[in-house]
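As written, the chain order gives the labels A, B, C and D, with residue 1 at the start of each chain.
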Amino acid sequence: MSEHASHAHDHSHHITPFFTLVKTLMLLAVLMVVTIAWAQIAPEALKGVPPAMASLINNLIAMGIAFVKAVAVIMIFMGVKYQSHVVKTYAALGFVWFLMMFIMFADYGTRHWESVRGWTPETKQMALPRADEPFEPGMPPRKDIHIPDQHH
Amino acid sequence: MAISLNKMNQPQDVVYEQFEDLAQQQETYVIGMWAFLVTEVMFFGVMFMSYVVYRWKYQPYFYALHQELDWRIGGINTFILLLSSFSVALAVHFHQKKKKMQTLACLGFTNLCALAFLVIKMLFEYIPKWNHGHYPGPGFTWDNPNIPGNIAQLWYSLYFGTTGLHGLHVLIGIILFSVLMFMIAVDHPAITDYLPTEMLGLYWHFVDIVWIFLYPLYYLMPK
Amino acid sequence: MTTQVATEEKNYLQEGHTLASWLLTKDHKRIAVLYLISVSFFFLVGSIAAMMVRLELTSPRGVLMSNETYNKAFTAHGAVMIFFFLLVAIPAVFGNFLIPIMIGARDLAFPRLNLLSWYFYMAGGTMFLIAMMSGGVDAGWTFYTPLSSIYSNGQITLALVAAFVSGFSSIFTGVNFIATIHKMRAPGMTWWRLPLYVWSHYAASLIIILGTPVVAITLLLVVFERVAKIGIFSPELGGDPVLFQHMFWFYSHPAVYIMVLPGMAVISEVMACFSRNKVFGYKFVALSSLGIAALGFIVWGHHMFVSSQSMYQGIVFSFTSFLVAVPSAIKVFNWSLTMYKGSVWLASPMIYALGFIGLFTVGGLTGLYLASTGTDVHVTATYFVVAHFHYVMVGGTLLAFLAALHFWWPKMFGVLYPEAIAKWNALLVFIGFNLTFLPQFVVGYLGMPRRYHYYYFAPEFQVYHVMSTLGASALAISLITPAFYLTYSLFKGPKAPPNPWAAKGLEWEACASPPIKHNFHGVPVVVGDVYDYDAEAEERALRGLPPKETH
Amino acid sequence: MNFPFAPEQASNFAVEYDTLFYIITAFTVLTTLFVFLLCLGLIIKYKRGSGKPEDRSNPMHHNTIIELSSSGGFLVIGLGIFFWGAKMYLEMRQPPENAMEINVIGKRWMWHAQHDNGVRENNELHVPVGTPVKLTMISQDVIHSFYIPQFRVQYMVVPGRYTQMWFTPTKPGKYNLFCAMHCGTQHSEMGGYVYALEPSEFAKWKESGGDRFRPKPEMPAAAGKQLYEDFMCGSCHTEQDNKRAPSLYGLFGRQRQFTDGSSMVADRDYIRQSLLAPEGKITKGYESMMQPYSFTEEQILELIEYIKTLGTPAAPAAPVTAAQNAGEQR
């Protein structure tokens, strides 16, 4: 038996009261209704807002509500509120580490910053013809994608 | 084997040989389960991350493609999962109080919800999409001239990948719940206390959390 | 720490002699032995593939095999060595065996999960072998899309599923270690009394549970892309093949630390024991393990400096990569300084450990070329990188594995091996290794790309490839030799005392050789500090001087 | 048998690259030597029960100053290398304004290069000494990597997206060209040679249509023009901005505003994306009307060449009903 085990002894038999569970369910249901309702009225409510900003607001609201719901489930339903610090740490760990993956937006967010430096819009005089070395250009279009009416 | 539904016929304080006492055993199981759930978070993290990257890249198309899903069906499923999550929490509550009948009822309700979730998903989402040829792969057909077929297919790949992985977790949950209910019902000696119920509950709540994020991302946001 | 135990009781090896008693065992020590056998087998498979590659490269025009076969050979070498040897070797064999004993527990927290993990490992390994036999895998162990997802032939699907399944084996082991280390420590075994071995394994387990699922699901997506033609990474559908690299390296860079942290764990133990000294800067070393684990997750982009990722991201990742140098440097200097005022005993595990320090230093320092964005451009994807990661992986993990094998062999099987041969063999490993991989630095700098079958357009590379192959032959001999003398010692070796090295730690002081089924009689109570060696007293005893008076 | 120790220095990056490379090498060797001597010294001095008894009283088990100074010193040197390397990397990634442009297409298992006057070559690349050369690269199938060791340059060639790299050859000669990213069966044979020629010779080579291939009277921009007409792009994209579509005259290299509020420079990737998936970036003031086209990589490059030749921008017309479209995504 470790010293940790004896410390947390009192918590391990915690029984979450019935009404706490009911209240949590109601909170979740209300939040669900709110997030759906917002999604329905958002196009009206954000009419004058530039689309990029509107999209940001929508994302923040939807993800914010989802976050609150997730925290409620983790804390009450999963009983993390009544658990030791170690369990709390592990409960947070996965979600925090998932955010680490967003570092890849250092790539996706900045890829286009370095695109065309060095190009000058002067017209190039093309003098000479093209070689007739056999070379099948282009990726063969995938047969299995059916995209009707591609060409005029 | 005589089955009595009224009381938990549990031996008291069964501690496995590697543990010192019950408290240590219980805490170890909880930590182990949470460590496993960390891996589950990262599993779904990949799917969510792919979604975020491509949505960043093809935002307008993705907005249009989200119209393919019906928020009502998603909403019903969300509520079903929330209910099932609640009933699992309740099952743990009753199991801690050693009320066998109520525990079984709660678990049964959860299983029913999970089943309903899958049935709704199949009947109203997967099968119609399949019939329209809206599934990634060789048979993919697409007739909306405003959205390139390849990006639609990419989007459907993400949709089926993410909800499919989630659905697989639901399916596993159904199987595990059924086994657990059977074992509780027959007073199987392996069920020594409420821990199996709690462990399975943790798993099920996690499945619920995934859907909590999945629902607004795929069904709601772009409206 | 606690006192001697009686040894006439049945040890874990004698608990059962049937095959079923091994295949259905829940004893962490028996599972460790199962792992030792299977890991050695996969090491042999990977080594044979390596020898094929090395032999082929002695000639610029490749005379032994075709392009196709060559690609399959190096893929087999890479994938088997990484997925089925390096990632598994030390944690699953020595971690399994020692962690419960070192913290004073009777077993791991979840013995059945532990056994299941071995079965997953074997299932994955078998699948990979089947994939190798029935058509082979030629996409390289990195499985970059869209080569792996669309274009490559061969049994890639099966190989990816194999990697996926063995990933679960890793995850189970990681979860088991974490729960065990948190909750099953003996009374008095506080965090700051834990052997560094346990600290390192804890850090590695964290990486396993955080990283492995990412690569598992990524590889699964590639499988779906091959089989069901869904396309997350497919450029034909507008997907980004570089996203695969992000996901892949998000795990696979930290995976390097899954391989090397347990190696570092072993070295800490061995250096302390054979220097008769507390590990220098115990707390720094312990925390640097966690530091490496955390930093390891934010440096993955340094594998992708020329992969068409944004240059801004390249610079960010380059910066974070240099930060990793700090905890690594701490470790190397602290291991060296552990010998200060110690009583250095050059037994075979110690020679392996010193070899580890040397090779890991070179491996780590050559990482500077690759962490710096500008210098990486020329040498990335050349033999320079090949040499670099072999210095870290082979020089690190393999030497640590051999050190651990020799150090704990008497504990695991209760027999002593011929020490003189082992010592000379350790020296041969070191020399053979350097002969193999030093020339590869040069040939890489000259511009020899990795995974090349032919190099007739640059015949000046040949001399280095021949040197490298010669070194590899020496290395091969030195790696086969232990298999012989260790097996010999199992049957004919003298019986080992409980503590042949006079080492400290629960596994030596409170536990028989081999340990009994539940490791200890009763629960050991830890009172003293970890590594409480006394070099001065030992030296006085060796010289026949009276013990120094205490004041 | 000769033992070469370094590749030739044949580009503008080579000298600086090698300088940094050798500095790191010196650091590596010195540190390794230091660790080696430290270990050796400690082993000899404190070897068990040998020689004269050493003082082992008051053993030192930690020393924060040593810990911090060793790791701190390491970090400082590391950061020095980092800054130098990063500076070099930034140079490598940003081609100068006056660079000569060559298009490169990678496919399994060959390299195809297109010069701006229509000369094409396979598995060879002719470049003039002293002129910065910028390669715009794309792959037709899997990921490749364009690697010239003697120039110390390498960059990956990915499908679906243009990548670029540049160098200035400084020494005439024949150099290796490798594919450094494993691309399948004949990976090791996907390569050839880079010929750095004196400027006059290069001009002669280029004017005569390369030395390998018989010339055919078509140049990329002309081919692009043909495509432009075949697909009737001009029916919407006229000389002036109109209600249906913005003008493409003077498009290339200009900042574009989009309906979603973002903006970006109209570069190759933008044009490529606009051809294959036009909905993604709709120019501010317009509705999404254009359908996606599936051109081959070569056709796209030709169209880009043509768009680049479209003269000075005509005076842009006032955007049509910007307010009407602004809030509506779809």
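Keep this in mind: a residue touches a chain if its C-beta (ideal position, glycine included) is under 8 Å from a C-beta of that chain, and two chains touch if they have at least 3 such contacts.
As the structure is a prediction and not an experimental result, all values here were calculated from the model.
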| item | value |
| --- | --- |
| Fewest hops from subunit B to subunit D - one hop per pair of touching chains | 1 |
| Chain closest to the middle [Cα centroid of all protein chains] | C |
| Subunit B and subunit C: spacing of chain centres that average the CA atoms, whole Å | 36 |
| Separation of mean Cα positions, subunit D and subunit A [Å, integer] | 30 |
| Touching two or more other chains - residues of subunit C | 182-184, 210, 214, 229, 235-240, 242-243, 311, 523 |
| Residue numbers of subunit D (touch at least two other chains) | 93, 141, 159, 260, 276-277, 291-292, 329 |
| Subunit A residues counted as touching two or more neighbouring chains | 1-2, 4-5, 55, 86, 93-94, 97, 101, 104, 108-109, 114, 139, 142, 144-145, 147, 149 |
| Arrangement of touching chains [line / ring / star / complete / other] | complete |
| Contact set on subunit A toward subunit D in their complex | 47-55, 112, 114-121, 123-133, 135, 137-139, 141, 147, 149-152 |
| Subunit C to subunit A touching residues, read off their complex | 182-187, 189-190, 210, 214, 229, 235-237, 242-243, 246, 250, 297-298, 301, 309-313, 316-317, 523 |
| Complex interface listing, subunit B residues touching subunit C | 17-20, 24, 27-29, 31-32, 35-36, 38-40, 42-43, 45-47, 49-50, 53-54, 57-58, 136-138, 148, 150-151, 153-154, 156-158, 160-161, 165 |
| Subunit A-facing residues of subunit D, complex | 93-99, 105, 112, 116-122, 134, 140-141, 159, 166, 206-207, 209-210, 212-223, 231-232, 250, 252-253, 259-262, 264-265, 267-270, 291-299, 305, 308-309, 311, 326-327, 329 |
| Subunit D-touching residues of subunit C, taken from the complex the two chains share | 67-68, 71, 138-140, 142, 144, 146-147, 150-152, 235-236, 238-242, 275-284, 305-308, 311, 314-315, 318-319, 322-323, 325-327, 329-330, 332-334, 336-337, 339-346, 354, 357-358, 361-362, 365-366, 368-369, 371-378, 380-382, 442, 445-447, 449-455, 457-458, 460, 463, 535-536, 538-539, 542-543, 548 |
